[in-house]
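One structure is given here, and the rest of the page talks about it.
The letters A, B, C, D and E name the chains in turn, as written, and every chain counts its residues from 1.
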Amino acid sequence: GNPLRGGAEGGDDGRIVIGASDVGESLLLAEIYAGALRGAGADDVTVRPPVGGREVLVQALQDRSLTLAPDYSGNLLRYFDQDTSATTSDEVYRELPRALPEGLEVLDQSPAENTDMLVVREELAAQGVRTISDLAPRCDRLVFGGPGQWGERWRREIRELYGCEFKEIRTTDTGGPVTVEALRSGEVQVANMFSTSASVYANGFVPLEDDRDMFPAQNIVPFAVEGSLSERERDALDRVSAALTTEKLTELNVEFSERKRNPADIADEFLAQARNR
Amino acid sequence: MSLIDELGTYLGSANTRAQLWAALAEHGYLALLPILFGVVLAVGAGWLGQTWPQVRGTLAVVANLVYTIPSLALFVVIPGVIGTTILDSINVVVALSLYTAALLVRPMLDAIAAVPQAVTASATAMGYRPARRYFGVELPLAVPVLAAGVRVAAVSNISLVSVGALIGVGGLGRLFTDGFQREYYAPIVVGVVLTLLLALVVDLLLVLLRRVLTPWQRPAPTRRADEEVAA
Amino acid sequence: MTIEFRGVTKRYGGGAAAVDELSLTVPDGSMTVFVGPSGCGKTTSLRMVNRMVEPTDGDVLLDGRNVRDIDPAELRRGIGYVIQHAGLFPHRTVLGNIATVPMLSGWSRRSARRRAGELLDTVGLPAELGSRYPAQLSGGQQQRVGVARALAADPPVLLMDEPFSAVDPVVREGLQDELLDLQRRLGKTIVFVTHDIDEAVRLGDRVAVLRVGGRLAQYGTPADVLRHPVDDFVAEFVGKDRGYRGLSFLSAGALEVGEVVTVEIGSVPGESGEWRLAIDDERRPRGWLAPGSTVDGSLAEADLVAGGSLYRRGTSLRGALDAALSSPASLGVVVDDDGAAVGVVTARHVLDVIERHPASATATSRTARA
Amino acid sequence: MTIEFRGVTKRYGGGAAAVDELSLTVPDGSMTVFVGPSGCGKTTSLRMVNRMVEPTDGDVLLDGRNVRDIDPAELRRGIGYVIQHAGLFPHRTVLGNIATVPMLSGWSRRSARRRAGELLDTVGLPAELGSRYPAQLSGGQQQRVGVARALAADPPVLLMDEPFSAVDPVVREGLQDELLDLQRRLGKTIVFVTHDIDEAVRLGDRVAVLRVGGRLAQYGTPADVLRHPVDDFVAEFVGKDRGYRGLSFLSAGALEVGEVVTVEIGSVPGESGEWRLAIDDERRPRGWLAPGSTVDGSLAEADLVAGGSLYRRGTSLRGALDAALSSPASLGVVVDDDGAAVGVVTARHVLDVIERHPASATATSRTARA
Amino acid sequence: MIAETVAWFGDAANWSGPGGVPARVLEHVGYVALALAIALVIAVPFGLLVGHTGRGAVLLVGAGNIVRALPTLGVVTLFFLLLAESTPAAVVGLVVLAVPPVMAGTYAGVQSVDAHVVDAASGVGMRGMQRLWQVEVPIALPMVLGGVRNAVLQLVATAAVAAYVGLGGLGRYLMDGLAILDYAEVVAGAVLTAALAVVLDLLLAGLQRIVVPRGVRLAELTRSKGPA
């Protein structure tokens, strides 16, 4: 049987549990949501430690151990609808409600985006590799590094779209230090990272242009259990989403992963600024 | 930035400090509650082994087998077995209870078996029935051995809880994943230090508890024959 | 309470018999000692009384009642059991140990501990030992606590399995004396196990000698067993000093106590051609002054030859003979209960009494051939 | 090799003395037994000889050479040491255990094992035990292996610390006999520790009685110590049977052996008014036929009264007296080395000899007051 | 769940290539073996020294306990940041894990050699090192190996964290399965790890049979049987 069905931990009693995935900024966003909800009068708001990928979050939302989690529109849609052809922000957001399972919903999406991207080291870029199409002919000689679930999600896609079949797909982590380290040391030559990640630029990696729109738009969107938030709370989250832009998110990410500040502190500052505007 | 500065900045945030306390409390609870359950299980196993000596071998093998399952796997598999949700901290508690019991069963059986024949025989001869004899005589006499086992179990539980961070329930273990994600020494160092402190305090408390529970044991220094000779 | 073994056999796991067709009766209020070489089934026999071991065959009766019909735990609470090394509970204080059976039988904590306090006194231990733990006692003290614990519920029957084997000979003798005294005062029915024939002879009203395989070789009074062993096995087991030891059972009623010349320490003795017994101002013997020895000034201990063992008036011939044999003057010093010298005996006088003893040669022994 | 203690004192950790100013000499080729109550410093004294313990004060000399000047490991290889409970190496076979010292001293493996094989025989163990492990031996066998191991390098000195305490009395006596025999054959200088006065008296050429606090109470021959204890402590320790035991040291040279009427088992005895000794066809005594008893047909064992202990001609007076005392006929049976009856003794004859013994009363004992 | 796990094991794709079971098992054994070897080099001499001299036991036990309390995950992440290399970081974490049981087993083994036997060894004239190697070590072997077996069990179970810093081994199945909640994969990883632990433990038990002197085993038997 499915071990994930069962008793509820969060839910209807006014308790709000916010989850985060192990993508670095996910925790940051969760803290921002938490701050916003507290500002809107919710008094029992917790942020759970980051855990796993989307699969875990979805399950946790479905069994009500979570109330809410930040997510990315494109990947979320693809998760429930493998064959979607929506790629632009609007397409994706329009398709989402239909694809989501019963009892789950997304709130307003934010203009801020954080897409997957493939990055290479400067040496390889200097050989004229600027787009994924440029990369494709060399794929069979290159080792790729990315999160554990990357192969299942994208191996077929990238082969069909670009004709790229990597020599090996190695599991590193979700755009985190293992990936950075692997790419830096040459253990892998191509890696999956994220557009708002501070470490791409800090390490001088070069993002490749996704010239055939393989990766869909990835607007930040609060992903929640339907009916678990009050109007006031939903408004507060919508306001936060509206205030968040890609530039702002990248900035916050620098604060978080380069200046190593406490995500709750960053969230507080951001929310204060947003209110003052 | 030097580590000291880094620690200063890190601990400078009130939010961080609050999170640390919460993590520490969760860590303590996740590590120590299983000790309680584990001891109860081991005491039960001791009782089984005492009543049916022929199951001793089986109990020991089962205990060993439990011990071979990686903690991470146990954390993840347990919800499938007992029907909890994946993020539930009960999973960690159950897993660590099993480990504690596994760790204690062996010494428990040995300690019960090592109670001097003369003592059990005289208890029986005085009209103790088996259950009362177990709890009134054999168990108290096994306390020193059990206590040694509990100390080891407590300390390794405190270390093991951190692994729970990989499934989002890990007390201080969160600091390691956080520090790792951000290539940030401060939380890792703070996490290690707090874990050690917790272990130290718990260990001390256990030593005290043992002293209280075994008033009949005067410390007798072990002496080796050749200490006399400087050669 | 009378204990009766009726054709009792025990086989462990269907092997050879550990106890084979044992039949004997321990009369009410008496002490029977089981003695025999290692593995002869002494412990097994003993434990069948309180059902720590169940007989393969035959019955054990307590005052005619088959122990099989009594619930084991109840049975055991009514039987004191003292085992080798005392088997004290190391985690309980001395009082806690002694109070065990009363507590099990449902006494209140207070009255159980009061009783324990009394028993400490009964077995001759100071009250302040009550709060100690067994590990803080000497071996002899532990044994006493073991006895006290067995006595706690005032059981009519006591089983004692080599209770004194772990203590050194001097302490052991003290414990034996106390047990005899206790037995005289409390009149329990006691079964005592030892592999030391001396202990058996000293303590038992009756001695049961077992041979390996659990067969009863002889059952009779100590005098019987020493003086009339039924066969070579018993004779061998009883040991080569049995003639001398047997004297323990001959009373010295008719023993002639002779006069002896005494000199007091501190006085100025004249010369003399005979042995003179030096005594102190309470007439206690201090040693011998050899014939012809000269003393400078008043008599001091240094002038004396050390004396032999002393014979307490009224005890058995064994002590009398030893006193005579060990004396440098060949004169055994006889003392009264206060230790004052009252005269001397010679080995020859002792022999006279032995020879006149009617029991010595013709007594028919109650024996059982196995 | 002579061992000399010269004012040796040992204090552990600055506390009270465990051994206090011990001075005594163990002459070459003799056996001295240290005896005394528990904790009196016997083990400590012994271990100062091979430097397992270093004296706080004073010296131990081996043939005049201070042991302090000898490398401890070398010293120990030249001194056999048998400890209580044997202390065998559980991971080595019996042969491996015995061969330890020769191997340490650089013998070849082959010759060490050959030597070990010989020693098995010396201590009376069958060769096939050589390949067993200590856990597969009985207590008594382990003790023997312990002795063999100590003898392996043929050391002139042997130290034995309660080597027989772990075995039961019967086995123990056998081991003692073997040790005496060994000592006669090999002529080692032996220091032996026990807390059993019987063992001390049986084995020692000299006995050193220690009192608690490690003070020497008396040092002399067993006869001395038994018959002339220097003070109450020694007298008490030596025990109340010392007069009788002391007879062990009186030779029975002049003992008059009387005639006795014998009847052979299987023959048809007539009537008689006196005790008659029943013998078998090899003249071995089987029991007594009481005066006036009638026999149906030929004489069988069942007609007899069991006999007393037997006195082997040429041994000490102790056995003679016991034989007389234990005999139902008051006649102690005297046997020769083959066990054949050669006559009888009476207790009175034994007393005659005791009284005529010059040593009995006047021997001055070599004593040391501590 | 059982059916899915069986299916996982039945899928040929899971048995070949760099992510296949044989490769993962080899990687796992590799981490364990490397960590164990280093731990032995560190822990055995210390255990022997302390057990032999009887000095520093309190320190050793205390230090052992503290080291045991070190969270493996913390050590691994810390060393990953320090060394910027996955393999050494993981191995350091595992060594830290393996040292206490090996050290405790060695120390306890030597320490628990019957005092009479040690005494006899000195008494026959063995020097310190002779006593250690000829008497104490052979008799201590069962407990030393007991400590090693303990360490191996923990190592096999914990080597899974190597996957967290991007290494292979059976932890890969746990981590990857966990990330996408593929239960079959997680259970498969757990089963493989446990099986590996059992197999290695059996191998060590066999080794123990071979190297522990027969006499020592016999002595243990008689001791544990004891008097009835």
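As a working rule, a contact is a pair of C-beta atoms (placed from the backbone, for glycine too) under 8 Å apart; a residue touches a chain by one contact, two chains touch by 3 or more.
Being a predicted model, the structure only gives us computed values, none of them experimental.
Shared contact partners of subunit A and subunit C, listed by label: B. Note on connectivity: the fewest chain-to-chain touch steps from subunit C to subunit E number 2.
A centroid comparison over C-alpha atoms places A as the chain most distant from subunit C. Seen from the Cα centre of subunit D, the chain whose own Cα centre is farthest off is A.
For the criterion of most C-beta pairs in contact, the winning chain pair is B-E. If each chain is reduced to the centroid of its CA atoms, subunit A and subunit B end up 38 Å from each other. Once the centre of each chain is set as its mean CA position, subunit B and subunit C turn out to be 53 Å apart.
Distance between subunit C and subunit D, defined via averaged C-alpha coordinates, is recorded as 26 Å.
The distance from the centre of subunit A to the centre of subunit D, each centre being the mean of the chain's C-alpha atoms, comes to 92 Å. Residue numbers of subunit C whose C-beta contacts span two or more other chains: none are found.
Among the residues of subunit B, those touching two or more other chains are numbered 80, 86, 165-167, 177, 180, 183-184, 225-226, 229, 231.
Shared interface positions of subunit E, defined as residues touching 2 or more other chains, are 1, 80-81, 119, 122, 127, 165, 175, 178, 181, 183. Partner subunit D is touched in their complex by these residues of subunit E: 114, 116-117, 119-127, 130, 135, 138-139, 213-216, 218-219, 221-222.
Residue ranges of subunit B in contact with subunit A, taken from their complex: 6, 9-10, 13, 15-16, 19, 79-81, 83-88, 165-170, 174, 177, 180-184, 186. Against subunit B, the residues of subunit E that register as touching in their complex are 1, 54, 65-66, 68-75, 77-78, 80-81, 111, 115, 118-119, 122, 127-128, 153, 156-158, 160-161, 164-165, 170-171, 174-175, 177-178, 181, 183, 186-187, 189-190, 193-194, 197-198, 201, 224, 226-227. Partner subunit E is touched in their complex by these residues of subunit A: 1, 3-4, 22, 52-53, 55-56, 59, 145, 147-149, 152, 168, 170-173, 177-179, 181-182, 185. Per the touch definition, subunit B reaches subunit E in the complex via residues 64-65, 67-74, 76-77, 80, 86, 113, 117, 151-152, 155-156, 158-163, 165-167, 172-173, 175-177, 179-180, 183-185, 188-189, 191-192, 195-196, 198-200, 203, 222, 224-227, 229, 231.
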